[in-house]
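After this come two complexes, each holding subunit A, first together with subunit B and then together with subunit C.
Right after this comes the complex of A and B.
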């Protein structure tokens, strides 16, 4: 009976319009955007002009770079931060700016007063700072709180202007990396969290160093040996499809969840012998399987396309399918479960708003580790072909994350079963509250 | 407590603060059972409670030996036709039946045999491939009966199944229900007395959540003996009679009016005793239990 019901529920899913939209989206997106973007991974040759960049926690690189950045933000009193994942320009009070000057002073060994003078106290005068490559820039307030950066004309690098500004931000001698991290933590706290100086992002922001031939070769070998090429692309595949699966399934879950009530069929189904767990789980499973189908189809297509590109080299034929199941399935499960649960709870398409918000927040949260690193996001970003070591380094985070979301989905579905049974027995009437407003309106408009 | 009847004891049901059923005590036996009552009397509430769709406040219900709390068991042996229902509009008649059959845990062979059989019974064989949304109101009701009978339930609950049917269809429907009731309990609700008269032996009258009468149709009718009269009056006197007595029927011919009315004693010397019918008795019952004349007038 389970099997037949499952097939019937699959059919019901397929026949819903949001499902068809999802399928078309996945196929078109995969076919025109993702797979064609799979550029060839070339083996690095010695004596290339550049091998790209990498991020490493090298104090000698991070410390001066972070100090310069902090000073320029301080001088402009405009700090970029992503609290809760949202982009924000933070402006600090005079009091906090003074404390920031303390931090800068310890960081650079320059007296606090110089910092106060150069920026915080009289921003109208504008200020000059020396940026990374040593050239000077003028910082002039625009009046609306933003600042304009200009390179002064005819001013040779090194010549000081008016003496008020600090032109060369260097790290104080003898500052240990540990103390530096502490200072950065304090700065982050002053800004309100989520700034570039937050411990997690320091390396990502300031640890940028050019890759050497050896580095590039190592990366290349990782892709060939550990990823067997396909894995390197599969992560990008998951990165893009995760964006879709983090939001679209909720429409299908809501549409199907509201359907019985819309059709006036609730009582006919409620009085059947099938248990609530059978009904809710079979429907959920049918939705998941049917939504996974186009993903797997694209996975097969991508695998074939990669194998074609690297004919003669060994690729992992199953990598895309494995990644789809391990990486994408929990995202699909969770966004569907949110739709199923909230729709059963409220008889209202509120899940679309909730999931929409979650997706939006996830988008911003993901910005911070766009090419790997993961974290607690619903859909995991990895917008870079390869980056194998980052993937391997964060594999445990990824695994925990995926297990968590799969588990969360199951819990939501179990709760849905419980609510379904309560409603079925007349012990819970979610619909009594909201739709009354609509009934009222309908009656009015009919009159 | 026999295994072949439904026993309801001290049943109370509230919607929020509003009491929809008060202390209902009822035994429903094998065969057709009619539930009679005005709009809002609580018929649907009682039937939904029997179909495990509503949660009672207090009291006991036992269906053929199974307490109502064992919802799964009850669902297995109950078929229910709601007062308002529909089905997925895009499904065909056969698909909708098949889907509900699967939810009733019926095997493939069983469904293949039983569904055409039932559709034949409700005269829908020719419409099996039709979409549900293309059915007329009467066809939909018949489909409703067929789905309620899918898993061959011991108890069939049908809520106002004849509402909206044309007279011919209504008679067909009643006959079908009688046939079905030969080997099970069928509970039928209606506010159309004629349905009950033609089909049921045992009935109950509900009013404002209370049971006014339970017993046979025969006893109910007998209770109105010597209380029903017919009289012919001039048309202009009609209003006075309406104000004073229960008028259960009238026929105007020219300036005269033949009136059928209920009264405790002979109202006029020339009034004639009539054989009471169920409708007369029903009205009398409601009247005796304090339902106002005006309210009843609106019902007829």
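Right after this comes the complex of A and C.
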């Protein structure tokens, strides 16, 4: 019975219009976006003009450039940040600027007052008042309810003046790299997070050094030996398809979830012998299998395409399939589970909005890990052919992430089973409840 | 008691607002309120200011315009509605007008807020540009929903176009490239606006044709 039910659900999935659109989308996306990215990896030769760049955590490189950058942002009071992957231009209050001056002072060994003066930051203590021409005056209480107005030190009475800029920003002698990282963390916190002084960005922003021939050769050898070529391409394949599978399965889950209600089939299904867990899991499994199918077909096509490029060299014929199952399947499972769960709960296509927002934020948050490195994103980015060592170094993070999303999907499906069972027993009718939230039933109909 | 056409459509508009439109309007407002949390909206130059407008604010078109036929999604309800003397096409046009007006108000308010926050936005250009993209995405969803009679397909198509634009850049979309303002080009917005209007008209014709055949 289980097999028959599964086949019926597979047919139902394949016959739905959103599924056909997804298949077309995957094929077009794969053909226009991914395969053209598969350029040949050339073996580096000695004495090339350039071998590209790499990012390394070298304190002697990172510390001076980060300190200079922080000072220039401080002086202009314009800090660039990407808290959710989007550009933000942060301006700090005078109090926060004063705290930033503290950080800069410890970082460089230059007195805090010099920084305050150079950026025209007013002192923290005492109240200030801005008068008609825009200049700042100190307000000191006299004790009898009246106030005394004084011109702040270092400021002419005519206008607020910024002192001269500090031209030579160097790192203080004796500052350890650990303390430097702590100070950078504090600076990032003051800015509100996502600045270039954030742990992940710091190396990427300031640890950029040119690659040598040996570095380039090592990277090349990693691709040939550890990735057996195909693995390097399979990660880019997963990077692109992750974007698609992070959102589009939800449409299929919603469409199929709402179909029974539209067709008036719910009562008929509720009275069937099959248990709720059987019905829900079979449907979910059928959707997953059918949606994975075009991905695997594209994986085979990509594997053949790569093997063709490197004829005569050893490639991993199964790399694309293995990566698709390990890397993409949890994304597919999660976005489908969100659709199944929320549609069953609300009988409303709200899952599209929820998943859409998650996808949108994930798309930009993933920019932090664009070349690998990974994080807790729903779809993991690796938009560079190669970077094998980055992949291997962060493999545990990737594995934990994938297990987490697969587990979350199972939990959502179990919750769906519970809701489905409640509906079958007549204890929950979301369709009748949800509209009541929005409708004003007490009002009489105009008709 | 006989009522005038104006009174009749006013009642329909009020009922539509209360029973259908309000959740979508609330979701659109929520999206716009979320924008300052996600993006920085202070002191942006012209190109940086176009990013939140084109990539985020324009999405309200999908929320407001796509689910236009949702009240009659159920075939039994549709049959009852179509049997009434009031022309259903006119009701749909009224709903479109409400959605387009809400879109205009929300987009304009958002651009004004950005201007007040010191962003270098040219008001008329940025309002029109964002509105045109929003209209295009919404009209695309409406068209997909209209021909498939499936709301999930309605939402799917504009999201698909959005994702393709994001991944491929202007390479495949030419004059219909969505994020042109961020690259300093505004000509595409006229095309998006024109195509959006054409899609709405086409959808109405298709709907009328399908109804006449039933």
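Miscellaneous remarks
Quick note on the criterion: the second predicted complex is superposed on the first by the 385 of 447 C-alpha atoms of A that agree within 3 Å, B and C clash if a C-alpha of one lies under 4 Å from a C-alpha of the other, contacts with A are read in each partner's own complex, and residues count from 1 in each chain.
The definition used in the following text is that a contact is a pair of C-beta atoms (placed from the backbone, for glycine too) under 8 Å apart; a residue touches a chain by one contact, two chains touch by 3 or more.
Everything numeric in this text was worked out from a predicted model, so none of it was measured.
In the overlay built on the shared chain, the residue A:88 is in contact with subunit C alone; subunit B does not reach it. In the superposed model, A:272 lies in contact with subunit B only, and not with subunit C. Subunit A has more of its residues touched by C than by the other of subunit B and subunit C. Legend: residue contacts after superposition of the two complexes on their common chain; A:252 is shown touching subunit C, with no touch to subunit B.
After overlaying the two complexes on the shared chain, residue contacts for A:361 are found with subunit C alone; subunit B is out of touch.
In the superposition on chain A, A:29 contacts subunit C only, with no contact to subunit B.
By the touch criterion stated above, A:75 is placed in contact with neither subunit B nor subunit C.
Contacts of A:211 after superposition on the shared chain: neither subunit B nor subunit C is touched. Across the interface of their complex, subunit A is touched by residues 48-49, 51-55, 71-72, 75-76, 78-80, 82, 84-90, 98-100, 102-105, 107-108, 147, 151 of subunit B.
The residues of subunit C lying in touch with subunit A in their complex are 11, 14-15, 18-19, 22-23, 27, 34, 37-40, 42-44, 48, 51-52, 56, 63, 73-75, 148, 150-153, 155-157, 159-160, 163-164, 166-168, 172.
Within the complex formed with subunit B, the subunit A residues making contact are 1, 4-5, 8, 12, 15, 259, 263-265, 267-275, 279, 424-427. Of all the residues in subunit A, the ones that touch subunit C in their complex are 17-18, 21, 25, 29, 32-33, 78, 81, 84, 86-91, 240, 243-244, 247-248, 251-252, 254-255, 258, 262, 349, 352-353, 356-357, 360-361, 363, 435, 438-440, 443, 446.
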